[in-house]
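Each of the next two complexes has chain A plus one other chain: chain B in the first, chain C in the second.
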Partner chain A sequence: MAKDVKPTRKELMQIEDRIDLSERGHGTLEKKRDGLIMEFMDILDQAQDVRGELSEDYERAQKTINMARAMEGDVAVRGAAAALQEHPEITTESKNIMGVVVPQIESSKVTKSLDQRGYGIMGTSARIDEAAEAYEDLLQSIILAAEVETAMKKMLREIETTKRRVNALEFKLLPELYENKEFIEQKLEEQEREEIFRLKKIKEKKEAEEEAEKAEAEAEAEAAAVEEPVASD
Partner chain B sequence: MSIGASNPEYVNARVRARRAALFADEDYRKLIRMGPSGIARFMEETEYEREINALGARFSGVDLIEYALNRNLAKHFHDLLDWSEGRLYDLIARYLRKFDVWNVKTIIRGIYTETSSDEVQNDLIRAGEIDDSTIDRLLEVDTIEDAIETLNATMFYEPLLEAFDTYEQTGALVPLENALDRAFYENLLADLGRPQEGPEALYVEFLEAEIDFRNARNALRLARTGADLDPAAYYIDGGVLFTESELSRLVTDYDELVSHIADSRRYGDTLSSALTQLREAESLIQFEHALEAALLEYADTLSSSYPVSVSAVLSYILAKEREVENIRAIARGREVGLSESEIEDELVIL
Partner chain C sequence: MSQEIAVVGSPEFTTGFRLAGVREFANVPDDEKDEHLDEAVTGVLEDDGVGIVVMHEGDLEHLSRNVRSNVETSVEPVVVTIGSGASGGGGLREQIKRAIGIDLMDEDSE
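Our next item is the complex of A and B:
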């Protein structure tokens, strides 16, 4: 990298500007990464709770449906399920957590009262009610888990991207800029030293020339003084 | 007490032979240790051979067992209606109309969900009074309105017609299903009066218990759900446990409702342990289990008190239903991985 850099003052100033910008960006990204990690940890706790509840709800739903299928028969359970009139509806919106757009899932008609399930109450049993209720709870848990886990995955992806950016600034861009800056500074210092040396040399040469001229003039003057008395004779 | 031109002697003689073919307790204990395929093989060597063989090409696993059980049940109950005459026929048919309710509900649900008639047909149990040709015609109709019209010669026509407007307004099957159930329960005791002794007294007592238990179950479910439902709409007349106003009042107070059942002279002792559990537990299932067991205790007394009467026939019907429910419970229980003790404790009523 340093080899491609022109060792000029203008370039040095540009690099210094870039260093300043990168350092500020690095600080901001570090703060963003830390903030995202904190948000992620909160969501992770929530996701773990939701996952636990989801497993419990799933087991309970399976148990109740198994019991209902065993005691009422598959045909009766299927028949009660067929009577369902209003199916659950799901709408998704989005919210922003530190720049990350995560889904917000709204559900309706998931949990139903006894009369909203469609099957007649007189001809069915509590086993069917409990199986329906357990599956309604399970569906709620699935919707919540979908929301939380999607948010978690998006946050994780954003943390990874931010981390990569921070690392790129910290371990690649900034060291290179510092190296380039140092390279230019060294080159400029070297150029300065060379210039001083060159000026010194010129000065010495000039002084030597002046000395020589002076000596020559003196010699000519002496020679002229010697020839003058001979002519008068 | 006159039972009209009926033939209880003949029917009971045939029923005794059928009763002897029912599974014994040790058969259930064997079945509990088998998997679904083992249960199907076991059934192939018993009373259910014909149904297992007939359905074996179309179904497998527990579905085969369940459909074979339903078909066998339908065959036996159909025979009972074929054999019986006069007053006896009327008394048996009253109870077996619960299968008519089942079939009409299944067909209506099929129309509602646009399920193919072949699939719906598999789920029917043709053990009721509605003849096969009417059921076949019902399977062919495309709208619920046409289905109701097809039932115009049955006792379900008027109640369904009345409930149809509500169905059209709400779009939910609840009013139609409730109308069918209500018609069945209210017809159970119609014109029977309250005989004090004899086989019909026991028969009436059993049907009253059936209605009382249904009212109790529905009241407890309504009390727990918290939904804004009119309790009177779910009250079935004919029992001794609740009056309509009592039920409407008790549904709003769960503890008082449980106390009311516990204080009942007729059922308090039989259900006391289940009621104690009910006060503590979240679930109604154990209580329903206790109600089913209590009904079966009634059934056992029916057969021994008047062996040549409608009571003995009803006792056989209940024993056969219990057998079908137990085998299905074992097979489904094994299929879904329940342990032997879970099946014994929670499912099988011996």
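Our next item is the complex of A and C:
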């Protein structure tokens, strides 16, 4: 607040520099926030599509596994599930969107051929194969959804942080700086007025003193002139 | 570093994923979810070897407030919930509302 500020010209210059920097920062951050929101909108569209596909894949996967359970029995399905030898793996690389590092997920061993699954061909039926295939497709969709949703979450965090910074500058820091600047300017003007008044007073006093001295000198001269004829007599 | 996909939920939910080769799983029967789901989810979230956690949207209701908040905001690993339709997780929707100021999911679904 203004009461903590020293009303000096140096402080005023420092505050003006800070205002300049804060205004530039505010503009840049606003642009960043708008840019992030635009990028986020694109990702959101993509996310809605991915979510739709994920939902469809999940329904299909559920239908096939329910069918497999009904035809083969729960124990057979669980037995086949326990026999899997190849496991899907993911590796994450990163991509930079306006300073936000978002992941790009690469997957391997998600889709497997019949012989790679490891539960054998003889002991299981085509229903289980279909269920496994449906769940492999579902995993692909999940990996895509994970990539998009992580990007969304990270961008949302960045948007929130940027928005908070913009608001702090706009509604807290800049108004305070403007208030301080105004306070110092008013104080300096007041000091200047006081200084002018003081100088005026000093000048008046000096002039009065000079006039008094002059009058005194004149009076002395007059007195000397009066005394001189008396002495000559 | 390669990571794995983990599934947490009822045995009926996890079996399908195990059929697709997922070996990181936590089975929590439906009647034990209120007591043990928090523990299972926290365990998976703390595992550095897990990159994606798959859960059923309905299971989020059984989580305590803290764990649910962790699930909704976690980025490493990211938690993908399924069974909620095309609108995505509830947490994400809330986050969008908070960050952008508008309910974009609602607008799009109308």
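The working rule: the second predicted complex is superposed on the first by the 215 of 233 C-alpha atoms of A that agree within 3 Å, B and C clash if a C-alpha of one lies under 4 Å from a C-alpha of the other, contacts with A are read in each partner's own complex, and residues count from 1 in each chain.
Following the convention adopted for this analysis, a contact is a pair of C-beta atoms (placed from the backbone, for glycine too) under 8 Å apart; a residue touches a chain by one contact, two chains touch by 3 or more.
Note that the structure is a prediction, hence the values are computed from the model and not measured.
Comparing chain C and chain B on the residues of chain A they touch gives the larger count to C.
In the superposition on chain A, contact of A:35 is made with neither chain B nor chain C.
Legend: residue contacts after superposition of the two complexes on their common chain; A:87 is shown touching chain C, with no touch to chain B. Once the two complexes are laid over each other on the shared chain, residue contacts for A:44 go to chain C alone; chain B is not touched. Of the two partner chains placed by the overlay, only chain C lies in contact with A:146; chain B stays clear of it. Once chain A of one complex is fitted onto chain A of the other, the partner contacts of A:131 are limited to chain C, with no touch recorded for chain B. Contacts of A:71 after superposition on the shared chain: chain B is touched, whereas chain C is not. In the superposed pair of complexes, A:61 makes contact with chain C only, with no contact to chain B. The interface of chain A with chain B overlaps its interface with chain C at residues 62, 78, 82. Interface residues of chain C facing chain A in the complex, by the touch rule stated above, are 1-5, 11, 15-23, 51-52, 54, 73, 75, 78, 80, 82-89, 92, 95-96, 98-100, 104, 108. Those residues of chain A that touch chain C in the complex are listed here as 37, 40-41, 44, 47-48, 51-52, 54-55, 58, 61-62, 65, 77-78, 80-82, 84, 86-92, 105, 108-110, 112, 117, 128, 131-132, 134-136, 138-139, 142-143, 145-146, 149-150, 152-154, 156-157, 159-160, 163. On chain B, the positions that touch chain A within their shared complex are 62-63, 66, 70, 101-102, 105-106, 109-110, 112-113, 115, 123, 170-174, 176-178, 180-182, 185, 214, 217-218, 220-222, 225-229, 234, 236, 283-285, 287-288, 325, 328-329, 332-333, 336-338, 343, 346-347. Here chain A touches chain B in the complex through residues 62, 66-67, 69-71, 73-75, 78-79, 82-83, 85, 113-116, 118-123, 125-127, 129-130, going by the rule given at the top.
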